[in-house]
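Dropping the structure in here first, questions after.
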Amino acid sequence: GQNDKTSEPAASSSASAGGASEQVTHKLRLGYLNVMDDAQTILADRAGIYKSHGLDVEMHMFSSGTDLIKAIVGGQLDAGVLGFTNALSWLDKGADLKIVGGAQMGYHSMLVGENSDVTAIEQLKGKSVASQQQGSTADIVLNGVVWKQAGMERGDVVMQHVSPAVAIQSLAAGKVDGAFVFEPYASIAKQSYPVKEIYEVGQSWPFPCMVVIASGDIVKNNKEAVNRMLDAQKEAIDMLSNDAAKAASFITSDFITEDTLKKADGTTVPAESVIQASIESQVFNWKITDEDIARMDEVGQMMVDQEILKAKPDVKTALDLSWQEQQ
Amino acid sequence: MHTLELRNVSKRFDSLQVLDRIDLKIPQGEFAAIVGPSGCGKSTALRMLAGLETATEGDVLANGAKITGPSPERMMIFQEHGLYPWLTVEKNVAFGLELAKVPKPEAMERINAVLEKVNLKGFNHYFPSQLSGGMRQRVAIARALVMDPDILLLDEPYGALDAMTRLTMQNELIRIWQGTGKTMLLITHDIDEALYLADKVYVMSPRPGQIIHTTHYEAPRPRDRSSEEFVAYRREIMKLLGLDE
Amino acid sequence: MIRKIQKLWPFAAAVATLLLLLQVGNWVNPLIFPSVPSVFVRLYEGVAEPKFWKAVGASMYRLLIGYPIACFLGGVFGLLAGLYRGFASYLRRLIAILQSIPPITWLPFLMIIYGFGDVPIIAIVIIASFFPMAIAVMDGTEGVVRTHLEVARVLGAKKSQIVRRVYLPETLPAFMTGGQLAFGNAWRSLIAGEMFGSAMVGLGFSIRFAGEIADMSGVILYIIVIGVIATLLDQILMEQVKRRLLRWRYIAGGEGK
Amino acid sequence: MIRKIQKLWPFAAAVATLLLLLQVGNWVNPLIFPSVPSVFVRLYEGVAEPKFWKAVGASMYRLLIGYPIACFLGGVFGLLAGLYRGFASYLRRLIAILQSIPPITWLPFLMIIYGFGDVPIIAIVIIASFFPMAIAVMDGTEGVVRTHLEVARVLGAKKSQIVRRVYLPETLPAFMTGGQLAFGNAWRSLIAGEMFGSAMVGLGFSIRFAGEIADMSGVILYIIVIGVIATLLDQILMEQVKRRLLRWRYIAGGEGK
Amino acid sequence: MHTLELRNVSKRFDSLQVLDRIDLKIPQGEFAAIVGPSGCGKSTALRMLAGLETATEGDVLANGAKITGPSPERMMIFQEHGLYPWLTVEKNVAFGLELAKVPKPEAMERINAVLEKVNLKGFNHYFPSQLSGGMRQRVAIARALVMDPDILLLDEPYGALDAMTRLTMQNELIRIWQGTGKTMLLITHDIDEALYLADKVYVMSPRPGQIIHTTHYEAPRPRDRSSEEFVAYRREIMKLLGLDE
């Protein structure tokens, strides 16, 4: 991946030459998380797609969506790709934010040990599961959808809130019975540890987990830059969906530092192929459909049920889908 | 001419009456001493003369003028010597001269002269922690002397020393004072010390302090602590202080 | 020479103990505890990488901005409080309350106000190290020997001269003590702030990142680096400055004859 | 009565300052800083909820296990080091190194070794508060007045009697100082540990959760609660225990006649 | 019978020779004193007799037997009094009795008797910090006396007191000792004090300490510090110590 990255600027400069006809370049400060959910924005940067759309982006990595959204609310960032629940929390407090586009559909796998007799969610009752921080999108969905579908509720399972890497380590070490993780951790785990997937939320309850959130300020004052950003991300999503191998060549080094990954059986696999598999497991989507909006509404209700929000938010007012409508 | 005078001075700290209508006159060039029980207000009286404390009633005068604050004319030497531990002997002695902006060469000359006088030549660059108790006390004296004050106020300068070093230091004090025309006022617990050094010994009562007796003893120095006169004066003062044997 | 060795043995023994503990951990559970040799190999490889030095550089940069600011503010407040009794009781209370709140809890606020980057972390470093500095200087100022002040007055010093020539040198040891305490706090909060703030570079971030990707020998590596840097800065640099500035304190009290 | 008020004003002024700062923040940016009245409303609502008390209870539980263990271990090590010079230099070095590593950095390890739940947090509390306790007791033991020991020997005391009847009472003030320092450390690390460990309940967890879901008045609420509890425990409980145990220290030195 | 004896005792701390072949014999019931310049090894000699220090050469004997460690028979009273600040007067005095497991009622009786003797009746429940310097010193003496030791070793017990309180305390010490048959060994800097109190005064040379003179002065007590004999002895000792006036 390293080599691809260094050889890439040549390609992007030719691309931006084409973009020169689109007059001035716009500066844009973007935040992202170093997870597969944000692959589109990472790829758009690493592959020079932003540049080719006349954008001069400053990329800032964050360790969580809750940190990222704070930087947008505080005015230090213009936009970012992150879970829409973060936006709902702050909209509830009166922050000026807009959801301007889609990014990725929710993907969260429930992993258990290979030799575990757990084969369905129901069987986790009374056991322990490692997942992300309480209040995160994953946690909201876990409680609002996964447990509910299985007829359980919060408290039926002992939760451990840790980072995805530690979650799979703990699962491998037998400290927990299950791990609820997203990509690329699920793929890495399946390759490196004796674990298996028993459930994936995106299959039974697809929802627009990650969205593009922009500050109200930039939407109002520089709509052009926002639109170009969404154009670029759309192009990146096309690459992710149609040529995962090429996309992987750009972004593998963001996730795995070594060139190869050691498998549980001692053999090795090339890092890029792990990332490629991870990309292929995801559903990226730049569009927010009416169905998605309905899901977002449902999640809003979950947040109220889980006492994260006081009143159910009106998701519609948070949306600004004018770019999408032009497509 | 009276260089130092307390005129009908009383002092109260809140409700505590410390001094009660004290009168005291010390002419220029005299060596006076005050003895009295602990807590009777000796230090308070001295601190007033130094300008560090004000009287509740009465007047505190120097050369007939009211004392309103400290002045380098009236140097006080504290029991705990009060040397600055972060300054060398030389710098400690130079402190007052520097404040008075005395030119460097003149200051150095005066410092060296005074250090020689107190027998500390060659210790210029020692820190106080490197000196013995007696040497420290001598630096404190040098620091006061270098200002060439008309008046020296000494508050139990030898309280912290052992009895033997003390005897040596007493002789040095005489040597420093004699023939300079300076006025000295010494506070001490030690009756022998007062009689050995001073021309006039004021005896104070317990709190509220009053001057109950004044001894004039004008034998030539060095005095013989075993002389009949000395012994008689001592006996008298001890009786006044209720220390009959 | 022999003296130097005598002074060094406790340090050597302490380091040996820690390495031994690590090695024992490795024998018990090699998955969690890397072996001592492997850590040294990692260390050797690590220092060769620019990434490593970028992390060290970022942490040092934040420390070198935040710490002096805290020392300066703490010194000024402490000195003022030492000079004015009423202000002192007020400041003591304020500090007692603020100090019971772990500096890291301000992070959510700082992150919104200052966003990402260095500022929130520097702010945490300042908050954490301001308190011990202010308290130490306050104590020092209140503890100035009364006789020292009176001597200066008798020798003819004005108020400003007393502050400069008595208060300042006499509180210098307090400044140094405060500075050392403040350094410990600054360092700990720096690392914690980098771990949990939105910093994306720095020693704290590195250790957290290693922990998140379950890279245990990386965690140990950075723990060692953090310990070594702090020990070097504190024990060597600070002690040297202290000895230089407070030379009179370290001169053996002797007869001097 | 008047005395009590005189003692309280700095505290009242300090609290007023903090509330004023918050209110000013609210005027400047109501999104980030809740208004003072709204915080009081939240506080009033908060204490009515069982969730709130569960958080307080969980934190107290961890504190009440970790802190005494640290005090005990610190006391034992400190006492031993105070009695044996060689061990003291060794322990001092060891502590100097370990103390330069923020306790929170051990979290990744502790979480893997002890799994989840209370143990890693309690371990952090112990690590954080062991050091000041050990150092204070060591200093105290080394500072025992030699004459006190010799008097006991002359009066016929055996080694064990000297430890029990001279070392222990004489180091009690050091134990108390150490205990107070240790408490501050314990509390700060408890909150930090709960914030960043895998705890699901506790004051630290609550504050972090509030931060995650953009509930800024919740963050302020918990900062206040954390400050209040620490102030109560430290200033009132600890001071009382200290005054009780060290009665002789607080009796005004007078003539006694 | 000699109750206390130093026989040809030398003492070195590393390379520092402190005592050089000291001989000293104190018969039972005698009040002896040692004077000498600071650092000459007085305390070291006393501490050997208390069993707190060992001789490098020579023998340290009590009742003819070698001293191997401290014993409640030989009580030492330290200059810094060494009271336990966390114990009340009563508990301080009780300390040794409790170690010796003396039954409570008997202990209380002895404590009250001794407190009365040192004029501290009614101060049982005071802490040392509530007492004046002189009172503290008396508690230290009571703590030693209550053990009813045959021998009292006093290391500059009045060094920390002011000159006047000191005079009072000297008289009390005489009162406590007289007619008890106890052996007393007092170290002091103060020649007057030694002569006022002791039957025999040993004068030591500067380090390495040697006994250069022994004064036998057996005037009845209370002694007159101004008597001719007293003054003559004083002058003699001062000369020996190089303190000629």
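Each chain gets a letter, A, B, C, D and E, in the order it is written, and its residues are counted from 1.
Criterion: a contact is a pair of C-beta atoms (placed from the backbone, for glycine too) under 8 Å apart; a residue touches a chain by one contact, two chains touch by 3 or more.
Keep in mind that this is a model prediction, so the values were computed, not measured.
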Worksheet, complete the sentence: Ordered by label, the neighbours common to subunit B and subunit C are none
Response to the item:
Common contacts of subunit B and subunit D, by label, are C, E
Response to the item:
Comparing D-E with A-D, the busier interface by C-beta pairs is D-E
Practice prompt. Could you tell me the distance, in whole angstrom, between the mean C-alpha positions of subunit C and subunit E?
Written response: 51
Discussion item. Taking the mean of the CA coordinates per chain, how far is subunit C from subunit D in Å?
Written reply: 19
Worksheet item: What is the distance in Å between the mean C-alpha positions of subunit A and subunit E?
Response: 86
Worksheet item: For subunit B and subunit E, what's the span in angstrom between their mean Cα positions?
Response: 33
Worksheet item: What are the residue numbers in subunit A that touch two or more other chains?
Response: 73-74, 166, 169, 173
Practice prompt. Any chance you could list the residues of subunit C touching two or more other chains?
Written response: 108, 112-113, 208, 211, 214
Item to complete: Chain pairs that touch, all of them, please.
Response: A-C, A-D, B-C, B-E, C-D, D-E
Worksheet entry | Touch list for subunit C against partner subunit A, complex | 31, 108, 111-117, 198, 200, 208, 211-214
Worksheet item: Mind pulling up the subunit E residues that touch subunit D in the complex?
Response: 50-52, 69-72, 74-76, 78, 80, 82, 84-87, 95-96, 99-100, 123, 126-127, 129-132, 135, 143, 147
Worksheet item: In their shared complex, at which residues does subunit C touch subunit B?
Response: 145, 147-148, 150-157, 161, 165-166, 169-170, 172, 246, 248-249, 251-256
Discussion item. List the residues on subunit E that touch subunit B in their complex, please.
Written reply: 37-38, 159, 162-165, 167-168, 171, 188-191, 222-226, 231-232, 234-235, 238, 241, 243, 245
Worksheet item: Along subunit D, where are the residues that touch subunit C in the complex?
Response: 9-11, 13-15, 17-18, 32, 86, 89-90, 92-94, 96-109, 112-113, 184, 187-189, 191-192, 195-196, 204, 207-208, 210-211, 216, 219, 222-223, 226-227, 230-231, 234-235
